[in-house]
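Down below are the structures I want you to see.
Okay, so chain A shows up in both of these, paired with chain B first and chain C after.
Right, the complex of A and B next:
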């Protein structure tokens, strides 16, 4: 019994990071109705960003987070112009294919550079003991940083003029353009934000678990499951969905081998899509 | 017309292969209320969207304050003071009244003197002031039209273009809105209005253009138009 409660709390901590990754996916969808299939590559890039900056440049692991956020933002803006901009307004499949193509290129280059070996970034943080439970310091800090990033995103979207412009473009792009908002630039900025969030999530995951160049697929699938749970395009739903997924993983991990996690997630994904096509936690969109 | 703030010359536009607007020319004179009237489907909305740049013209020219702005994007035109209140209001329905107005003032032009303009807009539309924190999507048609006009005023327009001011609104509302436009015009605003209601358009405007099937049918002062037998028959049902 004790084990289960600890596993569930730990699942919530990890799940919040899944929520952060899904936030990146859902933000881009919410603003421009594009499914970004470079999402997995962005997560992996965040993992390797941590690895390179911490191991090669010797930057303290958590100090890489702002760098990865900024780098992800800039790369995301470039990706928007390369793989999305000219296909806006065309059949949605075309953007799926173009972002998927970029994903393949990035993963291909990564595989060429690092192979598919398992990497591990040693992050030494004291664990926290609470009564009879012990929690990993990296998991707690990852959840705390996720909360901080999500909070900053909320403040940006609801309390800055530029953030409100992002919401205006999401709400009615033509009206935003007529109001004098440079909508194309806002779209590229939103794509940059989405990629930055995915990269940050990748970095935080890499402080907790080992990873390979190919880890992106599994975490991209998790993001899809989370958005299925939370409703695509719904930021609050992404966080709640992420926590729900982490909780399910933590709980299931008590009864079956970890290798079953992906199976459970995929079944969950399909089941949720069939039973609750708009998401279980799909609150009315703000 | 030398006091024309907005001049449209030989404008042609359409969708895909289908041409809708055929070499249309018209102008909006400074501090006057100009209307484009015409039946449903005549191409009025297409014309306005081409003028402000949400769709590209096939040919022709748009001049604003003497400058060729034909190829500028819609947001750049708004930033210069050429502002459209689109058909169907097109509010930010998920956002509050305050946020809608703030977005209207997104450009440097709108941001300059924001507080004063906000007060002015709330004086014109006190109802909006009572509901500043309410989401625009919860509003009635008349309130939405008020907010759409208020949002456009926050951009500090030189030419305010309104597509179908009266559509779907109660007569009392329409009457009020025209009163507001008249006051704005007296303060120097140039207004270009599209109306399906020809009676109304001729009653309020200084100059009118009648559009039929994407072409200019005739133009003139309202009194002169109202006297023309073809107009009386086709548009006024007389």
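Right, the complex of A and C next:
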């Protein structure tokens, strides 16, 4: 029984980080209806951001989080102008291919620079032990920081003028423009925010697990499952969807071979798309 | 003047085939990109060192001719689909006379279909799974120990310390790791070990919390398995972070990389089955000693040699020996010599099965078990099994 409870706790902890990774993807979709395929590359950039800042500049691992958020935001704005802006209003497939191309370039450059060698950032934090089970301090802190970042995003979206503008553009871009909101600037800001959130998720993942240049693919895939569960374009749903995915991985693995959890995840993905096309946790978009 | 140009052109035409005759083309793909990149590039570097040394010494002597070695390589992107297409190109378009296999059992199985179809000898230096060599081939030659041998030393070493240990077998769901796990399970059961958990995981698994919780719930004392690079390293780190308190851990492939030491305390005590370690002092019948190879490799690439790079070099060395012995670059004559060879190089013993159902299967090479131990405050790999090759005692229990 203790093992099952431990699996649930582990699932919630890791699931919250999946949720943070998916927040970036879902925010970009929610505001501009763009599926950002540079998402995996942004997660990897967050991982390497941590590695370089912690190893080369010797900044304490968690102190790199604000730097990665700021760096990710700025890179995201640049990416918006390079790969998205000129294609806004064109068929969605064009933006999909454009962001996919940028993803290939970033991963290709990363492979040329670092190969697919393994990188590890040793982070020493006290852990919590319960009976025979131990919950790693890095997992607990990652979940706590995820909650804090998600809370800050909520405050930004619902309690600032700029956040209101983002929501207005998400609701109806033309009406927002007629109301005098500089929509292009809001779109680039939203893309920047999405990339920053993906980078932060990558940074937190890298405090928990070793990683390679190719690690982003798996988390990008999980982000899609999470957004399907939570509803594409729904930030709160992404967080809940992430935790749900973590729970499935942790809990289901206790009753069946762990290799089946991936099958369950994708069966669920397809089932949700068919039965709840707006996501299980899809609340009405604000 | 026009006559002079004409003469030069004729001379060039005459000289060109002579030049082509003296060049031996070896084709291969390597995974410059994709998840197999680390081990594949290491293997390739070993092969390049062999090629450069051979060419510097005047080439391979076959009868009265000396052949310089030329590699033709392509990036297979770690994908089987690319391998089939590229090996066809290597043979048909690039006129490769011999082939080196790609890295990993899965890619080798794909390449083997092509090499057999065209009757080109292929030395397998990065595919341990035996199944590929049990389909009635004529031109495959496996240089490394079979997958079934990988965890044999690890199981025997565990039995020597605790004959009834509770064992968790946790492995990646890929052909190589599954073949290793099947053999390890049989050995463990035969030896009296108690298998309390037997789990496979998807090769792209990123979080092992669920498996580790199951291992703890099953009260396992030892864990063997793993898969390739990223998954093995993540598993090792999470075993440490989640304080699974295992007394013995043996993982495939990942701990063989020098980069594994970057896991710090999580790397300590982990054992890894290795095809070759520099400390293994075989007396070679030909070619360099292990120490000489390691020194030349470090001088050329500024990194330490691992077993993948040793395999790349050994593959070239064995092919060179077979060509020299046969006095020809004819595929059938060279394979006939390889079939009859029972030799020892710096990499260990080489002998292949020759019966039609298992042709090319490696039957003589022995693996060693290495363990990450602390030496003067630094993490280093020591050979702990078999006892004859031991450079340090096995640390057991870890907790």
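Observations on the structure shown:
Everything that follows uses one rule, which is that the second predicted complex is superposed on the first by the 270 of 286 C-alpha atoms of A that agree within 3 Å, B and C clash if a C-alpha of one lies under 4 Å from a C-alpha of the other, contacts with A are read in each partner's own complex, and residues count from 1 in each chain.
In this text, contacts are C-beta pairs under 8 Å (C-beta built on N, C-alpha and C of every residue); 3 or more make two chains touch, one makes a residue touch a chain.
Owing to the predicted nature of the structure, the values given are computational and were not obtained by experimental measurement.
Contacts of A:218 after superposition: chain C is touched, whereas chain B is not reached.
In the superposition on chain A, A:58 contacts neither chain B nor chain C.
The larger set of touched chain A residues comes from C, when the choice is between chain B and chain C. Shared-chain residue A:115: touches chain C; no touch with chain B. Of the two partner chains placed around the shared chain by superposition, neither chain B nor chain C is touched by A:159. When the two complexes are overlaid on their common chain A, residue A:262 makes contact with chain C while staying clear of chain B.
In the three-chain superposition model, chain A touches chain B and chain C at no common residue.
Listed in rising order, the residues of chain B touching chain A in the complex are 52, 54, 73-75, 78-79, 83-84, 86, 90-95, 99, 102-104, 106-107, 109-110, 151, 155. For chain A in complex with chain B, the residues that touch the partner chain are 161, 164-165, 167-168, 171-172, 174-183, 285-286. Interface residues of chain A facing chain C in the complex, by the touch rule stated above, are 2-3, 6-7, 10-11, 14, 108, 111, 115-120, 122, 127, 129, 132-136, 138-139, 205, 208-212, 214-215, 217-219, 222, 249-250, 253-254, 257-259, 261-262. Partner chain A is touched in their complex by these residues of chain C: 32-38, 41, 173, 199-202, 204-207, 209-211, 213-214, 216-217, 229-230, 233-234, 237-238, 241-243, 245, 254, 257, 259-260, 262-264.
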